[in-house]
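Written below as structure tokens is the structure these notes are about.
Per-chain residue numbering starts at 1, and chain names A, B and C are given in the order in which the chains are listed.
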Amino acid sequence: MNVIELDGLQVQLGGRVVLDGLTGELRGKAVGLLGPNGAGKSTLINTLLGFHMPTRGSAKVFGRDTRSERALIRQSVGYMPENDSFIGNMTGVRFVRYMAELAGLPAAEALERAHEALFYVGLGEVRYRKISTYSLGMKQLIKLAQALAHGPRLLILDEPTNGLDPMARQRMIQTLQEIRKEGSIHLLISSHLLRDIDQTCDEVLILKDGRVAALCNIEEERRSHRNFIELEAVGPTEKFCETLRGIGCECASFAGGRIKLVMPDRIESRDLYVVASQTGLQIRRIHRRRDSLEDIFMRAMEAEPARGELVRL
Amino acid sequence: MSVYKHEYRAYTGPLTPLWARVGVIVRYAFAEAWSTRITATLFTLSVAPVIVYLVGIYLANNQLARTLIMRGSPMLTIDAGYFLKVLETQSWLALVLAAWIAPRLVSFDLADNALPILLSHPISRFGYVLGKLLALFACLSLVTWIPCLLLFAFQGYSSAQPWVMANLRIAGGVLASSLLWIAFLSILGLALSSWVKWRVVATGIIFAVVFVPAGIGGIITGILRTKWGFLLNAPVMMTQLWQRILGAPPTMQGDLYLPSTAIVTVLLLVCAACVLMLNARIRAREVVRG
Amino acid sequence: MNPMNDRILFENVSKFYGEVLGVNRVSLSIAPGVSTIVGPNGSGKTTLMNLMTGLVQPSSGRVSVLGLTPADADRFFRQVGYCTQFDSFPRRLTGMDFLMDALLLHGMSESEAFRLAREAMERVRLSDDAAGRRIEGYSKGMRQKIRLAQAIAHHPHVLVLDEPLNGLDPMARAESLALFQELSRQGMHLIISSHILDEVDRISDRVILITGGYIVAEGDIHQVRREVRDKPLQVLIRCDQPERLASRMFTDNHCVEARLHPDGRGVFLRTGDIDEFYRLLNAIAVEGLVQIEAVAPADDDTRAIYQYLIGSDGSPS
């Protein structure tokens, strides 16, 4: 079943058309939502949550229409907003419990699940303190805990690593990867950090100017484009390149000992090393370039998105 | 021995029905309102006058006690006028309580932008506001019609002659007037609290909104020599309305009589304005135009 | 011009807020180019930046930027531009107003201020109609850009940027990074604080690691790595027979530790002697003993240094 189905979705805000004819089916375990500022990512998320009504077309979450079955959708969705969003006066436990009860859990279960969720995200004794005393990282975690407590089927995360220092960011990414592995929850992650999306998502929806610029599966994209290679080396890089060109590779050298080349199929890495030892070059890094998310994103930004059509790269 | 790994697990248990979510809001709002000692203090102070009135009823019905204590003071009749005084006292104390509690219910949610997360759960904006209203309504009921009806019952019990049947209108009147007033206060309190950021300011504004127009109305009445200025004067308006509902004799001059329809219209207009304010402020997302 | 006047100098600087520690006994001499400050939240980064921009005076020690101190306010603040991480603006101000106000404070004429404001907006790629709109209506990314514009508008020589890429989409990030590199090529000092370590690696000339108010490392990242001696360099080699490669490396005695990659198609090798290691690796590859698919130094970057020196709980390890 499709997690999210968009059919000619149009949303207007304050008289302006923000989302224009979005069409697509999102099926992945974890979907990344990308796009420049103002492309409509937040509006799309708000529409899925039922905060905005579509002016035309429809959006469906797990087959339920956002216009008519809002409450049922919100039942099965957990939302972690980008900005600060909490009740400062409450303790962490109470807040998560409150949210779980609002999602329909009976009071006793809500308390149990609240503690489970807090344990899972890594908030220990801190859960008994008022949220207004929390640090930034803790505030992010409490948002995640309340989104998980009621066992949603879809977790919508808006910039989950916002403001986190590198260690906390790594932990957040790991937590998201674990959630994805557990299997019962689909993720929709909106972020500006391509690396975060790369590490957690398998499908990517790129928006531009309120339209779909690209919708593709990252894994499949990576499997093509095999033979671009980047080297870092110490020694006579120019000579190395010349020799390589002689055996049929396209090759270019850059400052700092960096070399980029395209290897035809008949040539293997051993040949590179042979040439290297011939020319006296020491190879210090070999990196096979797969089509990275950055390339997919840049290509999507350059292409002109067709209205109402599903663009596949 | 086994090693237990605690990982995330999905929830497969029962869910409460959708309409019961409003009850969750009510419960938590109520708990929030009563979480501070000031509420308890205000509540106690609000119930104190009831004790005084209770004593009055006792004295009115007890010949011996009256002679001992009041030594021949004029007869104290327990009638619509008496209950009107009770109603007035309790209603204005309800205003104080509302001015304290209403900001507590709303400001904490708005202060740190909790609404996007709150409304991302299966509760609509209407359900959220309804929940808060019910909680506030319940708090205010505890100081208005509940003690008033208890006084009524006490009067009926302690009166020598059969009194209740003949004065049922008073009971109905007290109930209706209270409900009207606290419903109005609840909406007003919530709307004003949602509009202002700081609780103290919200409390002040709730008082101001009730009394400042009264002053302006007095000026209008004085300058323009018209009774319509009193339409801004909440105390006067409510007193007249309650008098009519209870069947108590009017206490103001005849020419300052404000028609009931006018009073009710003003109340409805204010409620409409409050609904608009709530609609603007209780949102998951603000749309900035331009 | 005094050759030391192209540096930002911290001489044994400490800053306390009452009892709370901001930074303790910091000594730095920062040359022109891109310097990145990295550290956990609450480690003293913002304090360091506030000291650099003259917003805060040290409790002890001395701060001088290009030979100037905040005592010489006129010249000092002209040289320094600060883009904070905090996202609040005066109400009802449009973008252009905001820039103009900041520029006029430097004592320029209105026409000059207008010209510089326009130029700054172009540099950060903020459109013209955005200039006329209120900042309240800006998206997060646009607010970031207007703050950046305000910092560069008066052409300072020192640019202090606190998490300048926060809220920017990938293209805007790339553009901003390119802008920073260009500014540093012009001889400016750029002091950037960031949590996104791979971007840090891409553009910085040097890194400053701070935690708990103390500087734990400072310098070119490769240099810093070499000085972390208790952790030998680690390289990931992806090949078809990792065990064979590992055993050969051990035999020739240039390997301290070998660890198979979980997917079985690679091995992490730790070595104390980089040159010998690569020479040997290249020779093994030529022999055709194993098919080498990829070679990647696994910890020669800021992320690894951060892990080694600051650790997962934010305290110095």
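Operating definition for what follows: contacts are C-beta pairs under 8 Å (C-beta built on N, C-alpha and C of every residue); 3 or more make two chains touch, one makes a residue touch a chain.
Since the structure is predicted, the reported quantities are computational estimates derived from the model, not experimental observations.
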Notebook entry, point to check: Taking each chain's centre as the average of its Cα atoms, which chain lies closest to the overall Cα centroid?
Noted result: A
Notebook entry, point to check: Measuring centre to centre, with centres taken as mean CA positions, what chain is farthest from subunit B?
Noted result: C
Note to self: Taking the mean of the C-alpha atoms as each chain's centre, how many Å separate subunit A from subunit B?
What the structure shows: 50
Next item on the list: Go ahead and note the Å separation of the Cα centroids belonging to subunit A and subunit C.
Entry: 24
Next item on the list: Just give me the whole-number Å value for how far the CA centre of subunit B lies from that of subunit C.
Entry: 58
Next item on the list: Can you tell me which residues of subunit B touch two or more of the remaining chains?
Entry: 288-290
Next item on the list: Check each residue of subunit A and list the ones that touch at least two other chains.
Entry: none
Note to self: Using the touch definition from the top, list the residues of subunit A that touch subunit C in their complex.
What the structure shows: 34-39, 135-137, 162-169, 171, 192-195, 234, 268-270, 273-274, 276-277, 282-288, 294, 297-298, 301
Margin query: So in the complex, the part of subunit A that touches subunit B is made up of which residues?
Written below: 13-15, 46, 49, 51-52, 70-72, 74-75, 77-79, 81, 83-90, 98-99, 101-106, 109, 113, 116, 119-120, 131-132, 143, 146, 148, 150-151, 178-179, 182, 184-185
Check: Residues of subunit C touching subunit A in their complex?
Finding: 38-42, 139-142, 166-173, 195-198, 275, 278-279, 281-283, 285-286, 288, 291-297, 303, 306-307, 310-314
Check: Mind pulling up the subunit B residues that touch subunit A in the complex?
Finding: 6-16, 18, 21, 24-25, 28, 32, 108-109, 111-124, 283-285, 287-290
